[in-house]
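Below is one structure, written out as structure tokens, with a few remarks after it.
Letters are used for the chains, namely A, B and C, taken in the order the chains are written, and counting of residues starts over at 1 for each.
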Amino acid sequence: MSEIDLAAVTQATVDKLEPLGGVLKTFKDMVSVTVPRENIVEAVSIAKASGFEMLSDVFGIDYLTYPGHQGERFSVVYNMRNPEGNGRIFIRVDVGEGASLPTITGLFKAANFMEREVYDMFGVTFEGHPDLRRLLLPEDFDGHPHRKDFPLGETPTLFGEGRFLDPAAFRAGLIGADPGLTGWKGGAAKGAHSEQEFGQGAGMHGKESGKP
Amino acid sequence: MGLRDLFEKDVQELENEGILFSSLEKLVAWGRSNSLWPATFGLACCAIEMMQSTNARNDMARFGSEVFRASPRQADVMIVAGRLSKKMAPIMRRVYEQMPDPKWVISMGACASSGGMFNNYAIVQNVDSVVPVDIFVPGCPPRPEALVYAVQQLQKKVRGEAFDQHGVELPMVEGWSR
Amino acid sequence: MSAQDLGRTATVTREEQHGEFETRYMRINVGPQHPSTHGVLRLVVDLDGEEIVGIKPQIGYLHTGFEKTMENRTYQQGVTYSNRMDYLHGFAHDLAYVLSVEKLMEARVPDRAQRIRVALNELNRIASHLVFIGTGLLDMGALTPFFYTMREREMLLDIFELVCGVRMNFGYFRVGGLYRDVPDEFLPAVEAFLGTFPKMIEQYERLFAKNDIFVNRLKNVGVLSRETALDWGLTGPSLRASGVPLDFRKAAPYSGYEDYDFDIPTYDAGDALSRMLIRVDEMRESLKIVRQAIGRMEPGPIRDPDRRISLPPRSELENSMEAVIFHFKLVTEGFHPPRGEAYVATESARGELGYYIVSDGGSMPYRVKIRVPSLINLQSLEPACLGGMFADMIVNIASLDPILGDVDK
């Protein structure tokens, strides 16, 4: 597909998703459309019919500790591409704690393992999934590890002379996230460089970035 | 030389003539040490280096590990090669218990010995907490030569020639159960 | 008693003893520890005699929590973690991760670094396919090809050790370029390899490609049609063996791949034989790319000179206070990409590989999602094995080439 066709297909898809409540965001050559929860299956089938016929991935993001985030806690992203491989669209849904989403395994059989992994790691359930159970963790595991309030589970390091080192505190002190006794917070104040989220933010070189 | 010479001559003379003296236990331990057959327990990247240690360049078969037995019931030593996740730990214990005595465990790599670079909710931080380990091999992954050296150290331990970190001699493997 | 009767009597129910005859499928558990060399994969197989009527992979026995661990390390430290997933094609993961971060940061990687990256990536692809052939044939009972392929792999591992210092699990790529320049012995070593390897590929083909046992064991086994493969999300050489010429090095080129001249082998049959033979062809194409990449290497820098990403050269530290501050901040905290999300799709030896990185402006990534090819490819085991014989299941697993470190992340 040439560049012009691809841009046309992408634009057509975005236009078709707009009546469903789709909100467009772009970053360099990445296009993402956020749709409300009720319309997700229809949005994915519209994207499939408009040329993005292959599903690459379904995954979740937990925005609990993201600085300046308003809105629902989780975001489930559907990464779809066209058969030639050069076009890609991300369809996002924002869901809250304890919410569930309709499954898309009817459209793509490949979504089976992917949705199970989102359930396993975040706790987002999928209605209508043929076999929704844990994928990567033991069956009797408690909790959903990729949530931000689930600890990493680090074991403290014991040195030969009996001294204990807590890796998380050590790392926080090193990168300045934990000010410690001196109060120095380093440069790791989150979000210091750009105020825009998945948008055309200023790059590290100080110039304006990105074309849509 | 006749049978009489066996009782009359000196031990050193006889050894120079080619007669070897040993206890039966030492003989059995020597035989055991030179035919340690590993059970295939390759988990992750270290398993690839374990495979490389059996290839033509670093040939582990010349030290006695002729074949890697798939069934734990036919194996002597379990080389835990790779990171052990908490989901896999009960299964590893089960495989270890299926191995007949005497058996040994080599913990290969940093992840098996101490959790390695993965200090998190999913990895067992020391395989020694699941099975008793005889030899730890550091490295990420250890070179095949390092694994061959570890097997040689295990052979020394089986024969009773090894010492632990305090200098105490480690006992030879038992020839038979009493 | 035939094998089928044995299967049925093994699950005899109480009703049978009282006169009613009920048959059930036999449920067998394969793994997670088993003779097949593909790692800790567990399969629950429903058998009707010898025929597979249901197969479900149970995975997670190597789950390491890479994503969550990488969210607690700086961006530069992430390079240590990425190649431990797909340990056979480690450079693919390193490259995908580094490309995503560079996209976020708009780093400019110099030409020399790109050429070296591509050359090492393709050499690693060859090494991965060599293990595929060796262990695949080992699963089928052929012991000799394993030693032949490992001999070539040792040559490649020597090259990697020359450049990176380690044979496997490299820490050579950096965001913005490479760790250090290649030594002088690199080019002669690679050229020696390129000189001998084509004859070795012919040797492998003579060894097994026309062997009757090999062909009869694999022909028309585990057929995945084009539609099935696309529906189940298959990517990589297994998809190309089913007739879809999708290769991200051509479709969405990255890291300078658009400059190289190479073909994409495609087979139409979709059976295990095509999946095996296509990787032999891919090794030839990779050789072409390596030859072109090292032919075009010009002397030059190997890291993005931007001080916010790369350490300043040591000579500057004596004169410039600013350089010292950059050095200090980079070493202690690491660099801070701007807020945003980035994804770059690359082609690993197993399929589409990409790192979706969410940055919140701090020195550690906020969310790292790795689109691993083996996890999605493993789902295709179900349509490939259903209706086939139990003994063909091993061949299907081998030909789909899953790496359990990649599957379980």
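Quick note on the criterion: contacts are C-beta pairs under 8 Å (C-beta built on N, C-alpha and C of every residue); 3 or more make two chains touch, one makes a residue touch a chain.
Note that this is a predicted model, so its numbers are computed, not measured.
Nearest to the global CA centroid, when each chain is reduced to the mean of its CA atoms, is chain C. Across the assembly, the chain pair joined by the most C-beta contact pairs is A-C. Summarising the inter-chain layout, the chain whose CA centre lies farthest from the centre of chain C is B.
Centre to centre, using the average C-alpha position, chain A and chain B are separated by 46 Å. Taking each chain's centre as the average of its CA atoms, chain B and chain C sit 32 Å apart.
Chain geometry summary: the mean Cα position of chain A and that of chain C are 23 Å apart. For chain A, the set of residues touching two or more other chains reads 137-138, 145, 152. Within chain B, residues 87, 120-122 each touch two or more of the remaining chains.
Contact with two or more other chains is made by residues 60, 63, 65, 68-69, 408 of chain C. Residues of chain B touching chain C in their complex: 40-45, 47-49, 51-52, 55-57, 70, 72, 82-83, 85, 87-88, 91-92, 95, 117-118, 120-123, 140-141, 143.
For chain A in complex with chain C, the touching residues are 27-28, 30, 53-57, 59, 61-62, 66-67, 77, 79, 81, 83-86, 88, 90, 108-114, 117, 131, 134-138, 145-146, 152, 168, 171, 174-177, 186-188, 190-199, 201-205, 209.
Chain C contributes residues 56, 59-60, 63, 65, 67-69, 72, 74, 103, 105-107, 230-233, 244, 246-248, 250-252, 306, 308-309, 329, 332-343, 345, 352, 354, 356, 358, 360-364, 366-367, 369, 371, 375-376, 378-379, 408-409 to its touches with chain A in the complex.
If you check the complex, the residues on chain B that touch chain A are 86-87, 115, 119-122, 125. Partner chain B is touched in their complex by these residues of chain A: 137-138, 145, 150-155, 157, 167.
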